[in-house]
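Structure provided below as structure tokens; questions to follow.
Chain nomenclature is as follows: A, B, C and D, assigned in order of appearance, with residue numbering initiated at 1 for each chain independently.
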């Protein structure tokens, strides 16, 4: 019945209240969150009760121009960058969402994924609601609008108590900027301050870029309400922290901090843990750039083996047109990465990366290294094998594509053609991030879903079939 | 409270059921309706329960490409071209609208304007609905979704009974194509047939272009339901025909027929009526191209005075950049129209146009003719003065811009600098279209609104102030 | 040997000297000459010895923006619009040409076609010159640069004495604007004045648009030199006027005057002449819009038969995507033109157009009219049959495509499916333009090439084969 | 007199002969050379005597599409990527150049800079030549065309003997692909082989990407002629190797080899040399990413001090719109680089970069590090100070912008705000690349111009003034 699949997405959100040029600052904030979503970008501002919206498909630098930024007037703004993985993506699914309701005009931007959104949609539709998008954000907007509470804040809490899953939400109304994290705190949301004004962002780097000082993370189950009178904290649900450990492993920028722990240092620590778990001797440690650099750095330091740049990344990749029958083997990987013969020839090489998803790239890299004369190629991953889909917002949802869902370590090792394959143990990984003092969601590694799988899995398959629009 | 103005729009709709390449035919249909809206265009198709949508800002020929048309699979389609008059236009307000509801997936395209949409919106919002757009179409979709009827057709009728105003709607569901005209039949909607398959279109020219034979107009208060079993007619309301006479005067293409009367011939007839109402002698009759050609032709024939091409229209206008302080007077009009000295010099010229809206262009044309040596310049209009705003879908809504709303004939004549100014009488105009056997809405001439003014007027002013998004 | 075909082109040129905002005026001038070339547009200005150029593929309104016009500083400018007929067109072949030479920096824009350019190219290449483009303009620039004269003006005359064919050239140097017409005056070039400053343009409409007063045409064999000291006329060759009569028939805008004769009136006159040559009775005269309107008007006046709008032109054509196998017959013509049943049904229709080139469109129009019930369809052409290619700049060069080159009148009549076919006699045509007091080139009608065919014909065939770049 | 400045440019060239899909391979080759020029890209192919060209402004991935690549037929191709430093860049100055001459059709692509091109231009202009571009390539084409030799190869040698400066040229004629390096071998040009077919490229990485094996570098003063009969080497001048050491320092990709020496390893070696020249103790070594990574790696290894990622580079920079008055200090640098507090706070940091050009970025980085708590910030550069402009193709030509041209080490240190500043000695630098067995041009460091400064310097200043088009 749904004309569009339920999209699993990773996104970045930003909010600011009380600063002149709010849109310009949101623009810089989104620019620094670009790695969290390259598909679409949008900003909503409000000025004297009037809302202004610009959103488009594309990167932040192409979506916003001097002209359209100038049109986004007002001293408060929210923004969003979005990544989706299906062909169905289009501007109707870009965020922030801006709707009118009996509670006033609402604008919402969302990072995460609800697991009961389909159930809620079906209920709402049976009650006469209509849906324009496949965004979870639209579900939240409906719930706010339909709440029996009269007050916006209470309506919002009402809505939050009905949704289940991962959500870090920024919401803008005429009077207030809201920052919300789900009770498990699965997705990040940091709070900062410039002078007396507040800023919200998925990562601290976005606070830095606009000159804001990091205050603290919004807590799981917390809602902050920012108005002209300052900030008020509302605990709308109990805290049971299950932060997505994958933010530390892969998703967040190395120059961001989460719960006070720097991401690059956490990754180095994972590399160090990995070093303790690997005993076989190798000559050189080579990171898969850029994703494996931090861990390889930690590994090399711990082990006292030199890190070497045996693989070089091309800084100009872009969308390359490759004819259907390219004569050149492994061209796609070659255009991105190339090995240096002088470094790898005759060596026992230990390649380090942060994860293996489908295994095809790893396989090609190993082949290239062998062609350049590497004596042995060992592969080490600074996280455990990803064997379970994520229902909380990371796009690892299609289990069929996860190599570790269908093969054991030995089989993967054989598939990618490595001499050995080592994954960091889950214990080692958790040890590496223990300084953050957070509880973690490790569902993609061990299948322990802190909030359940909801209806997501089933409907996902259904949705995929009907991928249109 | 509304972030966007209530937009008065004129549009074109198209629907087809049962033809292979339905999208390609819809594309040609919309192309021939392009004059009804140049702002955005869209097509929705359905194939095996799956809906496909493409809509964008721009002309039909730029919105659709070989590639995106190929993606619109299925043997049934609806399409829409839209014109709006404010800067706030964007793709979120493009049609057709495609939404999910408890009644199934719905796609709607609408020509006309509801006068009680604000009231319905407010009611629906108070009931917890949210609105993404400022389209009347969205109001209709909500009403269908909220209907207590279970059946789609009954839900639709339920919705139709609540809306008030002008609407010609095509709607596509998984099973059926619906064609609906409001009980006053204000906007046109024609029905045609190719072999055994049905086509709906705002004008007959769109039937011609796809090779369909004109059957009849959908009647006021009628809903046609087209399925695999053929066409069924449902009278959901009483007929009280008040067809918009402005379609004959200005909006429809001359090669379209309405209720069996050819539009070009109707305009010629208006020119003939005008000829009977003007007695002062002139030397030549000059049409303002292209809008005044048909009437001038009729005028000249009736009067036996030669029609002369004293004004030539540039076929390449486009959006011309004119620097803030152009040295050249009346440049904007000059780029579009130029007089021929040899024809007008020394002559008593009678200019004929179909209407005067703001009077600025007429004023400049008259000045140019005098500069080229015209001895006298008389101005005749083949319709009565437009003194009242239209609330049913034509963009003459801003009364402040209507010159005839604020000045009498003598004042307008003076303002535009003509030697005389004549408007066709309302009786003459109605006489010219009497062969159509229709009742007419003449509200813009005499203020007699057949369905009332609703809340449109007030909210419109409010809306204009808050023109954003 | 040549990588690109010799392109037969029709173009428009513009020049202005001494006016602030010269580029802005050139922009308006080119806009009004857009009908002479829609492929590319360009403007060159000069300010304090520094030249500024912008040229691109596309229409004037898309090529120039507020920003790039602002960059074209200076009080003197030349501009060009170009039409070419091959796929090889690209920005390297756009004009004006801007080159450095030992005589200083030169910028040239050219309308027309040289017949000895290949011969000159071969000579120049044998002398060590290199060619970047296939433009005749480049040949002229080389000749100027290579002249043994030291002075720019003498070098230019030297060059002009070597080239053969049709050329109306505007040339800009640091000190002067030059306007040149070939000794036969085949292409038009008009001279105008705004206050004390001079303007040159292919047609008088471009003078009108910038507010300039028409002075006279540049004469065949004349070069005007416009500097800060005013205008100087130099006769560089004898006058033997052979003006292209096709400018009157088809190419020029109806609101332009040539040699004092208005083009629309000349076309009406052709229609009148045609009326005298046709005796068979018909009921109505229908112009093929827009090309046949003027002649049909004259015809109807002369004959006393009513002109009727039996064919309506769609104002929104654009590039329409038509799938390889359209189900609808004659779709391409239908998208452009549609007949009105009420006007043509049961009538003996006389269709009037200015020319028939390949006959395919005429054929489809006649078929459409018959389908709409026309009793008889006669076709009259307000010029003689085009049986010979033009080597002087009109794109009628490929004789294989000219229907009249391979069929006689009866055969064409049969091919297009008319009940009768009449062409205006050559005598009638010349009579219609005799008020201009010009001599005419009628080569495309009678093969009498006033300047010879040169090498054009042969090389053309060669060139076509190797159409690349 | 020149309307455009003499542009100092760095570029990349590619050539291939005998491979099906030559254009597709050239496309991949240019893609891997993208770092050598991001302004424009072009490819010329030849097939059965017919030349095909596509060039445009922009990156390789945007300039070429499936469609235009498919149009570039033939089994031989040359390609070019270009970087220029002035606003005057436009497609007319893109390469390859394609011209017709008496010697046949020629296509040329050039990396480097001639120092006597202005003198030759003036001479050629005085002889009647015209220039369309400001490219040195055009000078070479003229000289070939004007040579008294009849044979293409001899004409080319004739031309090469007249030009002075740096040039690595690939040239394509109907019969042959030529690869040429100037007698001093200033710019690189490598030769490779796929099966029996030859490939030429500015860097070896472009050979790797198309699956070609590296054979050797084209030698200074050598011309290779590749035809259907294989490769022939012609020594057209004596070899006096003065290879641009800056290719090793900064310009070439780390995964390229030059004269058998890997660029990344050479840069590490420079870092090691630097380590030997610095004695003051620091706590951590931080590379300025990406340019300083290789040297910092060598430095850290040699010194036994840990390399730390104290600065993180944003992978999504793009063209960011920054409002005229940004409230945030150093925003431009912040958008690109951000420091990690946990790494730098309280530390004596040694920053390493490959060069300092204007000093502004270095200054801002140092300030950011201090704000993040660095105790001391020392700066080390893995090359000597660049005090002299380059006339051979690198854009360091404007001496006014070189900080080291106007300040001594102490002054620069103060300006950038470092606690100390160390440059690698020239001896150390040369020691680092001695394995290449090449002679080097070190003019930008010591002013010893191996081929002289020519007229470049003077005319450069003149040219800059008149920067237009």
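Basically, a contact is a pair of C-beta atoms (placed from the backbone, for glycine too) under 8 Å apart; a residue touches a chain by one contact, two chains touch by 3 or more.
Computed from a prediction, not measured in an experiment: that's the story for all the values here.
Asker: Return the chains shared as contacts by subunit A and subunit D, ordered by label.
Answerer: Output, common partners of subunit A and subunit D: nil, no chain qualifies.
Asker: Taking each chain's centre as the mean of its C-alpha atoms, give the chain farthest from subunit C.
Answerer: Max centre-to-centre separation from subunit C belongs to A.
Asker: Under the over-half criterion for shared residue numbers, do copies subunit C and subunit D use the same patch or different patches to meet?
Answerer: Here the answer is same, because the shared fraction of interface numbers exceeds one half.
Asker: Between subunit A and subunit C, what is the separation of their C-alpha centroids in Å?
Answerer: Using C-alpha averages as centres, the distance is 60 Å.
Asker: Centroid of subunit C to centroid of subunit D, CA atoms only: how many Å?
Answerer: 47
Asker: At what distance in angstrom does the C-alpha mean of subunit C lie from that of subunit B?
Answerer: Here the centre of subunit C sits 37 Å away from the centre of subunit B.
Asker: So which stretches of subunit B touch two or more other chains?
Answerer: Expected reply: no residues.
Asker: Show me, using the given definition of touch, all chain pairs that touch one another.
Answerer: The set of touching chain pairs is A-B, A-D, B-C, C-D.
Asker: For subunit D, which residues count as touching subunit C in their complex?
Answerer: For this pair, the touching residues of subunit D are 1-3, 49-53, 91-92, 97-102, 104-106, 121-122, 125-132, 138, 141-142, 145-147, 466, 468-469.
Asker: Name, in rising order, each residue of subunit C that touches subunit B in their complex.
Answerer: 21, 24, 27-28, 31-32, 34-35, 38, 59-62, 64-66, 69, 205, 208-211, 253-255, 257, 262, 264-265, 290, 293-294, 297, 301, 306-307, 309, 312, 314-316, 318-321, 323, 326-329, 331, 334-335, 338-343
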